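After this come two complexes, each holding chain A, first together with chain B and then together with chain C.
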Partner chain A sequence: MPLEIESRIEKDMMIQKMSGVLDISTVELLHNSINYLCEITKVIYDFDNIKFIDSTGVGGIASVIRECQKNKVTIKINNISPEVFEVLDILGLPEIFGEETFEVKQI
Partner chain B sequence: MVLKNNQTVDYKSEHQRSRLFREIQEKKAITPDSVFDGSIEIRNGELLFNPPRGLGRFPLIMAGENVEIYINGNKIEAPSFINDHDKVEIKTLDIESSVSMEIRLTEDKLKAFLYVKKNFGKKYALIDCKPMQKIKVIARCVIEEEPAPIRYENVMEALQNKGVVFGIQEDAIMRAVQDTAEEITAEIATGLAPVECADASIMYNFQDEDWNETAKNPYGDGKIHSVSIGEIVAIKRPPVPGKPGIGVTGEPILARMPKDVPILIKDGVKLVNDGTVAMATRSGRPMLEGYSKKYLSVHPVHVVEGDVNLEVGNIKFYGDVIIKGSVLDGFSIEAGGSIRVLGDVLHASLYANGDIIVNKKVISSRLQAGGLAVPYKQIYKMFTQLLNRLKNLLAAMDVVKAQRAFTTGDLKVNGEGQLVKLLIDYKFRDIPNFIYELIGIVLKEGNKGFIADFSQIAQRLSEKLCNLGPLRIKHQNEIEILIQELQDSLNIVEQSVASIANIAVCYIQNSVAQASGDIIVTGKASIISQLHAEEKIVINNGVVRGGLLSAREGIIVMELGSGEVNINLLDNCVLEAATAYPGVVIRHATDIKVVQEYRKYLQAQASEGQLIVKNAN
Partner chain C sequence: MLNEFRQTQLLYRVCSLLIKEEQDNHEVFNQIAALLCQELGVIGSSIWLATNQGGVGLQRLAFFQAREELSYSLQNLDFQAADLVNVQGNGLILHNIHNDENFHEVRRDDLWVTAYPLKNKSGLIGVFCIWDNCYKHTHQEREDFVSLIQKVGSELTNGLYNYKHYSLADHKRIKEELETARRIQFDLMPRELPFLQGTSIGVRTIPANEVGGDYLDIFLTNSKHLGIAIGDVMGKGIPAALWMAMTKVAMRTAAKDYNQPHIAVSQVNSVLFPDLSRQGIFVTLFYALYDLDKKTLLFSNAGHLPPLLYRSKTRKIEPLQLKGAYIGGVENKIYQISGVRLEKGDIVLFYTDGLIEALNSDQKQFGIEKVAELLNSNALYDASQIIDRLIVDLGQFTGDYYQTDDITLAVLKVES
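So, the complex of A and B:
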């Protein structure tokens, strides 16, 4: 299943709605999604439709967060399914990048 | 109203009423128009009621011993009024005779006991009471009934109900049946106890050297305890299984499984005869090492028949070293085991992981026993921490891989190292730091050479877990192998950490001696020497002239001073000197006390930060 990213910009905020699988075959799209931030000061990823992830995908998320933080762009990942968040949590991402960066979908 | 024992009569007849009235009038000689209180009487077990007249009071009734009273069906707990419309019922608390019988089995089902409790029955009757306005109704026991005896058949039936079929003692049951006691406890069935097993045990064909004995006579007889190649050093007595027994319910009772204790061996020992005999594979000193588990090994012994001189040179040996002569000027001995010098040590250096014993004099030399315990302790700590972290990392890998939302396609293509890298980068970031610290200790110049070589394991850990190393890992098995290697190394270190090394010399002058255990000077004196013991310093028969003594547990000296002697007391250490001369300086942290005059039986102690000096007697 490919990864689709629906992107829109509201003032200085970029919202990226993602659907599909975040894995070795699609992680490049995630990297590319922050190529042109320009005036953007906040990026929100909507993970509502991300059902599966692999270690390359986790590495991709970490890399994107690190890149945003380096450029002083606020990043938030919303609507993460509890299953995907469990993976991120075991690997220690919330601990490193801050719990506030990740928002789990309320079911 | 008429009441009988356990009977209720609602109301008395007209005839009875008039009779009662007449009786009361006669007794009290009161006219019908007078005022008088109501009364109650118990006569022949019956309650008779006389109502009040005019403004007289109603009679009061209350329950006494062995009686319950109900007014209109309600039990009364306190004195209560009654009038001629009340229905009063008095019950005596009769007790029926009874016998309770129970069969109880012990937890191991090897015995069955009969418990019998007999209760005697009691019948009560109301005690008569003359007419009164307030009465307490009391009943007394008039008949005591003996309980029915237990019968042999009842006991057998109870045993059957409990499933007891084996070892029933009919005689014991008969005795219990005939017993007239109120309470009976009798063992009425006995099973067959299993025959206990014998655990395995190990007999060592050598005695671990008794340090105290050695210290008393460090001169010894020059005899070195050793075994030669092929000699048996230990024999195991194998475990003997027990025999099962039979419970009173007929079930077999299995005997406890005997514990098997293997002979644990290290270098220099081989197991034969199915592991029941340990044989020396080299000549040397047999030893038992280890803290929780005892490992048997034969330490190689390097023997120098004469002096350590230019012909022999410096000695660096991983086992024990025995010098039958003296260690002469400028030479050094480093031993992974112990060092024993039958002669003198003159201007020389001795470093041993184990004990150092010098039968004669130590002059202007340096002795260090157990000095390697320090790096070993550091390595032990590192290994333990790393082992825990790696085990946690492995567990985390398994948990991640088991997640429903996690796919492992990339791990199959690129290897599982990718996941290891992620875990080390974010969750286990301390692992590389532990490894760098370990490498620092292992490769430290001073530790090289004669401690066990851990550089290989340190290097492998670094290759696999530091920097981009994890990306080279193909399968998590590689982590499991690292954990196993680390565990093996930890076992080696554990033995060295637990060892305490002592120094025993006859005489010491102008020298430095450090021991992780005791320092004992058995001869005449310690002259201007620095002695530091992690446990005790004992100079029972000699004098201390000048120098510095420092110990953690205690210092026992026959004669202290003269000459400037410095005593450094660590926390809770006690100094005892049979004689002390002026000028002895005793320190504890910043607290300093100087002995000003000749003292006998001097005692000094550092306790709770205070230095206390006093006379022992």
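So, the complex of A and C:
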């Protein structure tokens, strides 16, 4: 299953709606999604339709968060399904990058 | 037709492109195909390489079409011409495809093909095609054209031979190196398990590719405790395998120096953090120390999936929960420690995500519930039999569906 990213910019905020699978075959798209950070102060990744994530996908998220933090851009990952969040939580991403960065989907 | 000077110039340019040709880069053949179209004023050209995969066949290395809009597919006609030369062994020189039943797609009286076989001592190594819709009227024009095609063909034969030779040699060399890497990595996995009174141990690893990023080690520490370390490197292939080897060395060294699992894991993180964080890679690591006398299992976790503990008394599964960021996540992190006391009949299953995420053809995952259920139903067997049964069930579930991730598991069972 591929990964689709629907990107839109509202003032100084970039919203990236993600659908599909974030794994070794699609992670490049995630990396490319933050190529244009100038004049952006906040990036929101909407994970509502992310069904599966593997370790390379997690590595991709970590690298995107680091890139944003380096450029002083606030980043949030919203609407994470409990299953996907469990993977991120076991790996310790909230501990590494701050719990406020991740928001689990309310069901 | 080109004058003699321009013919020499064209040959010189073809030769210099072939000399510059990198060993496995076929882009140069596309450049030659375009150059030929441009200089000869023809509508298309192609270069084919004879392959031996599945019988003698042809692979189109390069194709160039000078005019974009044609009422027919030149690529298809080009395939038919090259195939004809390959099958018949003879060239088609200024061949009018009109009324030729081999070219069934189009009936055109203004399309000529020259499909020239590229041969050396060992036989046909390729085909070179030129498509033209302007016939060479005079005898001299035809002579000059054929002579030029032969000269270009002779250079292309050498170029194709070098390309084929080097790319095959490279492919063979890489395959051999991967096979060596696979053997080295296999040796890095536990080979001889320690024999322990009253405890059985079993391990299994199923790599998805030649080499992988799963890590498992089982050893006796200086204080005669059983050390079990399991981990998974982000990513796949050779980079993951290199990190797997480094993790093993770091873990073994730390286990020798520190007899508390959380201090050892913290040490592994301190050693590997600078390189991992710079490269944007991480490693998960779960390290447990089993005291055979007291039957206590102390453990620390750096982002790995919690092993499953099957309690024989209650027949319930308890995951060995303990949080901790992956190795390479937080600099100088001090990891936590936790522990459980095991009883006779208790089983601990250590595993990597490849086990629970194994897919069948319906894209369904094997899942943690299924693993827990299998532990329960096979709890009377010893550790290696439990692994055998898990693997059989996993195989029945996945069938011949290709698994993209490595699968590694280790079972520890308290027998008495």
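As a convention for this text, the second predicted complex is superposed on the first by the 107 of 107 C-alpha atoms of A that agree within 3 Å, B and C clash if a C-alpha of one lies under 4 Å from a C-alpha of the other, contacts with A are read in each partner's own complex, and residues count from 1 in each chain.
Keep this in mind: a contact is a pair of C-beta atoms (placed from the backbone, for glycine too) under 8 Å apart; a residue touches a chain by one contact, two chains touch by 3 or more.
Keep in mind that what you see is a predicted model, and the values were worked out from it rather than measured.
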item	value
Fit or clash - chain C, chain B, common chain A	clash
Chain B versus chain C as contact partner of A:V84, first or second or both or neither	first
Chain touching more of chain A, residue-wise (chain B, chain C)	B
Partner chain in contact with A:V21 - chain B first, chain C second, else both or neither	first
First (chain B), second (chain C), both or neither touched by A:G98	neither
First, second, both or neither for A:K51, with chain B first and chain C second	first
Which of chain B and chain C A:S63 touches, first, second, both or neither	second
Colliding stretch - chain B into chain C, listed as 149-157, 311-319 or 419-427	419-427
Chain B and chain C footprints on chain A, overlapping residues	24, 54-56, 58-59, 62, 90-93, 95-96
Partner chain C, residues of chain A touching it in the complex	24, 54-56, 58-59, 62-63, 66, 89-93, 95-96
Chain B-touching residues of chain A, taken from the complex the two chains share	21, 23-24, 51-56, 58-59, 62, 81, 83-84, 86-87, 90-93, 95-96
Chain A contact footprint on chain B (complex, rising order)	396, 399-400, 403-411, 413-414, 418-419, 422-423, 425-428
Residues of chain C touching chain A in the complex	232-236, 280-282, 284, 302-306, 323-326, 329-330, 353, 357, 404-405
